[in-house]
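Chain IDs A, B, C and D follow the sequence of writing; residue 1 opens each chain.
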Amino acid sequence: MVGEILEIVFSPQFFGPVVFPGLVTVLLVLLTIIWVERKIAARVQMRVGPLYVLKPLGGAIQMLADGLRFFFQEFIIPETVDKLPFVAAPVVAMTFAILPFAFIPVAPDFIPYSVPYSMPVFLGLNTVIPLTIIAMAWGSNNKFSIQGGIREAYMTIAYEAALFTAALAMAITYGTLDFAEMVEAQGVPGILVNPLSAAVFFVAMLMSAGKLPFDIVEGEQEIVAGPFTEYSGIAFGLTMGIGYVQLYGFTLAFTLMYLSGWEPLIPFLHDIYPALGGVMLFAKAYLLMVFIVFLRSVYGRYRLDQALRLGWRRLFPLSLLSVFFAVVLRVIGVV
Amino acid sequence: MVDVFCPFTGMAFLGRLEESSKKAAKWLVEKTPIRSFRDWAISFSLWPVHFTTSCCGAEFAAVSAPRFDMERYGFLPFNSPRQTNLLLIEGTLTRKMARAAQIVYQQMPSPKYVVAMGACALDGGIFHNSYNIVRPHELFPIEYFIPGCPPRPEAVARAIVMLHEKVKRGGTR
Amino acid sequence: MSSSVMKARLLSREGDESVYEVFIGPQHPASGHMRFIVRLQGDVIVGVDPDIGWVHRTMEKLAETKEALKAIPLFERMTIIDSQNVTIGYVRALEKLLGVEPPPRARYLRTLLSEMNRIASHLYGMGLSGIFVNHSTMFMWCFGDREVWIQLAEELTGARLTHAYSIPGGVRRDLPQGFAEKARKAIRYMRRRLEEYRKIFFDNPQVRARYEGVGVLKSHEARRLGVVGPNLRASGVRYDARLLGDYGVYDELDFVVPTAEEGDAMARLLLRGEEIRQSMRIIEQVLERIPEGPILAEKYLRLIPPKLREPALKEGRIKFPGIFANLKIPEGEAVARAEMGHGEIFYHVVSDGSKKPYRVRVVTPSFRNVVLFRYLPPGHRFMDFPAIYGSLDYFPPESDR
Amino acid sequence: MSVEDLLRRLEEKGLEPVDRGDVVSVAVEPHALREVAELLVEEGYDHLASVEGIDRPGEDVIEVVYHAESYSEELWGKLAEIRVRVPRGEPRVPSLIDVWPNALFLERETWDLMGVVFEGHPELRRLLMPPDWEGPPPLRKDYKVATEGVFVVVE
């Protein structure tokens, strides 16, 4: 009985989405990365940042306090909102933010759902989130929210084309649509093979996760909290998490596609349990996330039209160029 | 609020599903370990709403700025009243502003706290005979008053720490 | 541009049903204590209606109910971040009515505190302009460095923000020991920090993208609209109330009133940085040249009882004799202008010969800059609005009084 | 564009300008206000520094005082002051918004706090006072607020 349960728990199909890289790790990442973000910003800004909540660790559980506070706080459903989308959208958004983790391989023999096109599935599932955010904005029935929803809609179209095309370039380079095969095909990290595609993917990733300098959707100086203005309590906790979960997913994908994934594999850990072989992958992704949240202390926010212009006039042509580059590489047979 | 058919009527839910589930949730939240957990979380996550009523706002800004950095206690000024739980009345409350302050207070989800800052928020201060001010204690239940015109950031920080301790030991209800 | 065209741009426009009205404030991350009714057509602003008065604490009326001297701390509350510059105009107006002139040392001390306040005020404005494009580092740095100047001012006057330093006929306190060294240290620190600001903020491509070419105010428009302060000088008009020679010792010092030609938001920000540099130059010169002597006019020193006068002069602290609060202001009128961090403040004091002023009219720089909220944003994107607001360094309690 | 020119031109109009050091003051009738204002603009006074009302219940008038300022270097130190006396019961003066665009908010504030009606001003709405303010304009002398006692002990 216990053995069966353990077998289920440690089967890739369960362990992947639920423990690593899925739900549990997502929560852990959420708890720490926001603290890291606040702590880095504080350090740059000559401050201390969260501290007294857990002094020996520099206040590392600050987000636990914030999260619990949101959890126990009243969840106000205003009279004027459209109740179904208002309540359901954050949950749906969170679901669709976590679902893609089922398609992320973390180690050679540890692929939760082995599909030959995990990359498009991963990206495709992520594109549902903007729709739920627009649903939130519309359901909130608030002027700021609707402005935020419109911004989200504009931004989505601007970055998605570039994001997909950049990923396509890598698919052509490696000749596969599967993350696991991509990692195996990477002798040289993809970022060196096709830096153009990596750059485009990186910027589009920032836009998608709504991180500075592209946190336009939540632009607090103009539209308070954008689509999330009316949310309180646990629902706001969810909406706040979406961006970070998305970021985590994208950094994992970035690592798999451009930073040679779990390589170099640590055989010792991999032998104990295959998922432990994903430690390198996680470390790379986490470092990338730390770098991205560090941008908060360097940049402000671009304007909506500037971000759109960047998306359409720069990123999209560059991504097409990267596809062309990938085709050339393929034809001359470098990879 | 509709009557929901429930086979366990009289057993688990007394009549109205929504109401009794609320009651059950409340009972659960008020139980000691959960309640102290909750009080701990709230006390380390006092987020004041971005609402500047008067010139004490300059000192309020200094409280979250480097030298006094109240973020050490998890104090983070935040955008919308819906996501915050602390209303700091920063100085004089004019009649025009009082109405806005009331709306902001109503928009905040409970549990919520009000701290009044400055002599003007106490009893008018230097503007005690003005024709355009109101006393905040007539409008809100105020946890702490911070005297001073304007109060030094240390005083504001002290009030926040006091509120933090009061919340932590469950003294705010 | 003829004034009728200008007027047409100034008037509020309601717009038709295609206009999307957004109420920014009074509770809003970027409004502070005021409200803007922003009318949008798509993403483009058609009109902005500034709705001020949320902090109207009736200063002009209350000044009529107080003895003239007691109105000094009252007026400080208009611009608590710049309290020496905001009261110096009132003090000058009273001095003109009373017919006293401050002794040279007092004038130097006033200049010293004025410039320290100006730096603190500019840092406040620059910090806000940072947070308005969500550049939190600039905000925190400026507010952190502002504490340096606030601490210096506290050492000089005894209060962090509300100094009430200038009184008719002089100042309240003398220079404390070792002040000059600390001030020079602060100046060295600030010079280094301004370089760092340039690196992270003014040369940041993102900040340049947001501020350059936004909210352009041309020179002739600035003249006609009566815009004041750095906002005026960034449009290429060289005017500064310090140059009038009415107060302080500015005519004896070597400094430049910086101007810029562009007139956009970036120019306004850069100009503030340049003014901080000039203020630091002034402080250095003041510390070098400050003469010895009394800090209160002879006329009022004589009012202090002899046994208190000696210690007061020795300690450099003036304890007000009771009679001082009950000064009768001679009948007449006086105007005074002074340059605050935000711009020029105007006082008109009318006295009927009693202890209390009959009427005090004060027009604050922020109030004169309110027209810009009508004038500048139309035609810009919605997201430019915080940038314009941030660059104007508008302080609502000052405007509402 | 100099102070002498201004004084001469005002005297040509039959007015009596007074030079009080930093202010050139001229008293006009309400109907001549606009004319004088336009003259000042021609002389380089390009904007207003202040519009105010002084309530004088003893003489039953409200004195509306305009201070014009110039950014031209020759006129820096001199303000131009126009004083208009209007009856307290019905204080009406023509609006100067066409002459000085920045009179927009200054006049609106004076209407708000002093009750002076500026004829032709396009938006005389509440500016500083709450929109539902009732009662007399607060800056008038008959609007009383509590005064402070004297707390200073005479030594």
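We take it that a residue touches a chain if its C-beta (ideal position, glycine included) is under 8 Å from a C-beta of that chain, and two chains touch if they have at least 3 such contacts.
Owing to the predicted nature of the structure, the values given are computational and were not obtained by experimental measurement.
**Q** Centre-to-centre on C-alpha atoms, which chain is most distant from subunit D?
**A** Between subunit D and every other chain, the largest centroid distance is to A.
**Q** Could you compare the number of C-beta pairs in contact for A-B with that for C-D and name the larger?
**A** If we tally the C-beta pairs in contact for A-B and C-D, the bigger total goes to C-D.
**Q** Taking each chain's centre as the mean position of its Cα atoms, how many Å separate subunit B from subunit C?
**A** So the centroids are 33 Å from each other.
**Q** What is the distance, in whole Å, between the centres of subunit C and subunit D, each centre taken as the mean of its C-alpha atoms?
**A** The answer is 23 Å.
**Q** In whole angstrom, what separates the CA-based centres of subunit A and subunit D?
**A** It comes to 61 Å between the two C-alpha centres.
**Q** Find every residue in subunit B that makes contact with two or more other chains and list them.
**A** Residue numbers touching two or more other chains: 65-66, 79, 94, 96, 129-132.
**Q** Spell out, as numbers or ranges, the residues of subunit A touching 2 or more other chains.
**A** Touching at least two other chains: 45-47, 220, 224.
**Q** Which positions in subunit C touch two or more other chains at once?
**A** 28-29, 53, 56, 58, 61-62, 65, 140-141, 144
**Q** What's the complete list of touching chain pairs for this entry?
**A** Contacting pairs: A-B, A-C, B-C, B-D, C-D.
**Q** Under the definition above, what is the set of subunit B residues touching subunit A in their complex?
**A** 29, 37-38, 40-42, 44-45, 65-66, 69, 71-74, 79-80, 82-83, 85, 107, 109-111
**Q** Mind pulling up the subunit D residues that touch subunit C in the complex?
**A** It comes out as residues 20, 22-23, 46-50, 52, 54-55, 65, 67, 69, 71, 73, 76-77, 79, 81, 97-102, 104-106, 109, 113, 122-123, 126-130, 138-139, 143, 145-148, 150, 152-155.
**Q** Note which residues of subunit C are touching subunit A in the complex, please.
**A** Residue positions touching the partner: 20-24, 28-30, 43, 130-138, 140-141, 144, 200, 204, 206-207, 209-210, 381-386.
**Q** Which bits of subunit C are touching subunit D when the two form their complex?
**A** Residue list for subunit C touching subunit D: 3-4, 6-7, 10-12, 52-53, 56, 58, 60-62, 65-67, 70, 223-226, 232, 237-239, 243-246, 305, 320-323, 325-326, 333, 335, 337, 344, 346, 348, 350, 358-359, 361, 363, 367-368, 370-371, 374, 400-401.
**Q** Hey, which residues of subunit B end up touching subunit C in the complex?
**A** Interface residues on the subunit B side: 49-59, 61-62, 65-67, 79, 81, 92, 94, 96-97, 100, 103-104, 120, 126-127, 129-133, 149-150, 152.
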